[in-house]
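A single structure is presented below for examination.
The letters A, B, C and D name the chains in turn, as written, and every chain counts its residues from 1.
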Amino acid sequence: MLDRTAILTLSCPNRPGIVAAVSTLLFEAGCNILDAQQFDDTETGRFFMRVLFNRLEDGQQPTAIAASVDELAKRFGMAFTLRERGAKKRVMLLVSKFDHCLADLLYRWRIGELSMEITGIVSNHGRDSIASTDIGDLPFHHLPVTRQTKMEQETEVWRLVQETKTDLVVLARYMQILSDGFSAKLLGRCINIHHSFLPGFKGAKPYHQAHERGVKLIGATAHYVTPDLDEGPIIEQDVERISHRDTPDDLVRKGRDIERRVLARAVLHHLEDRVILNGKKTVVFTD
Amino acid sequence: MLDRTAILTLSCPNRPGIVAAVSTLLFEAGCNILDAQQFDDTETGRFFMRVLFNRLEDGQQPTAIAASVDELAKRFGMAFTLRERGAKKRVMLLVSKFDHCLADLLYRWRIGELSMEITGIVSNHGRDSIASTDIGDLPFHHLPVTRQTKMEQETEVWRLVQETKTDLVVLARYMQILSDGFSAKLLGRCINIHHSFLPGFKGAKPYHQAHERGVKLIGATAHYVTPDLDEGPIIEQDVERISHRDTPDDLVRKGRDIERRVLARAVLHHLEDRVILNGKKTVVFTD
Amino acid sequence: MLDRTAILTLSCPNRPGIVAAVSTLLFEAGCNILDAQQFDDTETGRFFMRVLFNRLEDGQQPTAIAASVDELAKRFGMAFTLRERGAKKRVMLLVSKFDHCLADLLYRWRIGELSMEITGIVSNHGRDSIASTDIGDLPFHHLPVTRQTKMEQETEVWRLVQETKTDLVVLARYMQILSDGFSAKLLGRCINIHHSFLPGFKGAKPYHQAHERGVKLIGATAHYVTPDLDEGPIIEQDVERISHRDTPDDLVRKGRDIERRVLARAVLHHLEDRVILNGKKTVVFTD
Amino acid sequence: MLDRTAILTLSCPNRPGIVAAVSTLLFEAGCNILDAQQFDDTETGRFFMRVLFNRLEDGQQPTAIAASVDELAKRFGMAFTLRERGAKKRVMLLVSKFDHCLADLLYRWRIGELSMEITGIVSNHGRDSIASTDIGDLPFHHLPVTRQTKMEQETEVWRLVQETKTDLVVLARYMQILSDGFSAKLLGRCINIHHSFLPGFKGAKPYHQAHERGVKLIGATAHYVTPDLDEGPIIEQDVERISHRDTPDDLVRKGRDIERRVLARAVLHHLEDRVILNGKKTVVFTD
């Protein structure tokens, strides 16, 4: 059975009449709004909207309304995306030695929780580094990197991204900092999981920093990658309680659970077009 | 400065065009939508919406559009409410011996967090039962109750509710079960705080039941009162972690914190017209 | 390198001098206490203790003190366990069609987070039911069950438990109710994950019950299996926030995350001898 | 009825035999251990312990064992505290314009949840700044402060602390930074509530910083005051979820709830001698 449902997201300068224009356009095109969420950022004067809708009678795909939306977008100065819900995004997974996030994403993909096409797994380490994870027949690319070869390695990753028509790159505990240029190319479509509750404990070894400082909660942060390290727009965060008894190793263990659920939620939100960039922040239309 | 903002809530059988009709009505009346949330209950086929909007140019109150909304409501079979945001709801607080919820609500009211008019405090115990709470000049009504006088007492409370034009009755740890008839009169405008994570531990002494059962989390539930005891539509719930070390007294202490924040959130949601009844459940359009 | 660390757990009627007796015994045997936790249940008058200790000088295993502990136990009427920390418990995993808990436990085992020997996987469905999970070379036993063959099937499981010297049976979403007799045999060493926040929503389809009732949080409960269905001693529970937007399918999806982390914590606590039965409840000496 | 219960806390370099020595001392003195918790910091080699015990037969106070403990302390190089549980600590509350933490602490004190003697309330603003809070007959000291008079004002606060034999100073949203010298005098007995999840958002206006950065959780931190601003040993932290919809004002409102429960827990832990300083960190023996 065809999924005749589509997702429209848009953002534009706020002014009266946007909701009326969008909903009237959809109604007159024979569509039914299943869910709609909006947000007015009164600080920046920008308006954000996500609409889930289906097409009622005829055999046309809901995306057949693209031309009308395009016209509307010009009138309101909108940036928009329009996508059939059933059209899966293409996702590339980057990983280094810790594979708990990778294993978790793959399991959620196998049971249908994350609806996506995986275009490949890239690691700067060999396949035996992620031996605990069953990657099945997925393409695996071992692209080692040193300071000297970083440019070449990133060029190769970028080639893979283009060749496989990858929509989203997920840094699933990929322990390399992307260069400014590469970050810029992937703006808004590269999600990283940082193993701390940002902005606390930026940089390396955040669990050791947290232990050293004696905090009572540790966390993880999923964010879009930008040239500004650990400063990208935050999509999702979560924490767990710890105590003085927890060694750095305990924090690493407890952190794995937080990291994988935070990253999985961020990826899910992105796949469902729930996240819209708002300058250095995000608008997340959660369920 | 006048708050020229209004809140419209509505529910009706779902059908295409509702959002378009509502947003077009507002646009043509010179109003600007500040926030809108909607929900389609695909099980019952009902549609729910909350719109926050203001009036742009002329000196009219946004509620001046009431007639147009009324007409629209007839067309779609809508139940609706329309209210100026600045118009405070009138709230009566009922309490017995434990006054932590009462003290908490009064503090939030004093600092402006809960925007409401308090029409009075009613207790089945004397004023010295709530000696830890500063009730200032608020009218206090001591209405004792026994099994024999229950009908008379409820009649008296009802008289007070009517006389004071009370919109909402809050049972802030009022340890009396309202009769079926009284519950029916207050349907959708009487909030109770139950000191357990319903549906677990219904009835009396829930913390003792929780201790007896050895659960690892305790909770509280704010719900609308219905003739069906502890079965009313749930507005808000929360929990906290406990351990084998916690005595029933510890649970009572920890529970006070959960109760007061759960009740305060439920009252806040109600005051802001964020809660719409949906049969035995609620739709809560949270912030 | 040998792990010369041992774990002693004990419970007995409370009386003065227990801690002194235990700690003096360990000190005089040349042992050093690394961690100790105790609990006096003032309701039942029972005392519970867990001691982690190592042996300092000679080449003996810390369990060489077993005879002295045994003598002490007789004096105080103690039940006790004494185990080298490095001696892995033997665990059998039972599963039906939903394999998220199984996949999660296996991953934690592979990366060394759960220190155990897996003696086998038993399912009442065939191996392709858990196709999303890589079980590697682990023995898989397909033991189908009908109402008529339940006795025979349980007898076969029991034979496997004995043959493989299994210490702990984990019902990782095994959707069969164990018979009273089988439950009794496994008392204190069979952990089940129930997909609700018990005691709410006992029995079948708890997520559908939760949706029906309109609760604002859903949860999961790990407990020891007893003949009393869904009434066994609770080891661990957790919850997550939901909203009116969540369909039963959403609850099932969100619930998977809660189930696997609650079960993993309960299994970890059991493997580290942190859980002691206390009648119908548990004492859990967490980290 | 006399509360014949005492609390012993101690810390010292770790070595075998400490628990045996302490528990034997108590046993031989006719005392019964009700609760004991210990912690070995393997990084620093220090040992920490908290023992709750009572005296069984004769009429002596449990603190009669002070001399024996003192002797033991010399042998092991222990720092220790020994206190009858019923002997209330004397607490001074400092506040500026936001009185939600003050109101909350006073309510908990009135209903007996926080067992303490309040020696006074000090504010750098006048009494009408905290008009929403009923301070009853508690001594109120208005001690305004400017950059020029800071030294004199702190001298006056210190005089009050000494004169009233204050054990603990609580900065309940006191918006002045204590001078290094004053912080040093109050080391380990002055608790501050910082309105962020430290180490994120140090310094001024943390909720505005949090809004600016677009985090998805906000928090609060209770810590001992040290000359190092916002770097003191952390006692307790907590967080709550926020969204893109939350304005800075919403964060301030939601933050009030976090601040008051985090501060109340930290004060409770301190009053019950559950917190022991461990360099720049704390050991917190929670319930």
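Here are a few things to note about the model shown:
Methods note: contacts are C-beta pairs under 8 Å (C-beta built on N, C-alpha and C of every residue); 3 or more make two chains touch, one makes a residue touch a chain.
Small disclaimer: the values here were computed from a predicted structure and weren't measured.
Counting every residue number used by either copy at the chain A-chain D contact, over half are found in both chains. Chain centre most remote from that of chain D: A (centre = mean of CA atoms).
One simple way to say how far apart two chains are is to compare their mean CA positions; for chain B and chain D this gives 36 Å.
Distance between chain B and chain C, defined via averaged C-alpha coordinates, is recorded as 41 Å.
With touch defined as above, residues shared between interfaces to two or more other chains in chain C number as follows: 35, 39, 243, 245.
Considering their complex, residues 35, 100, 103-104, 107, 110-111, 113, 132-134, 243, 245-246, 250, 253, 256-257, 261, 287 of chain C touch chain A. Across the complex, chain C is touched by residues 16-17, 19-20, 23-24, 26-27, 30-40, 56, 241 of chain D.
Contact residues of chain D toward chain A in the complex are 39, 41-42, 197-201, 213-217, 219, 233-239, 243-245, 247, 278, 280-284, 286.
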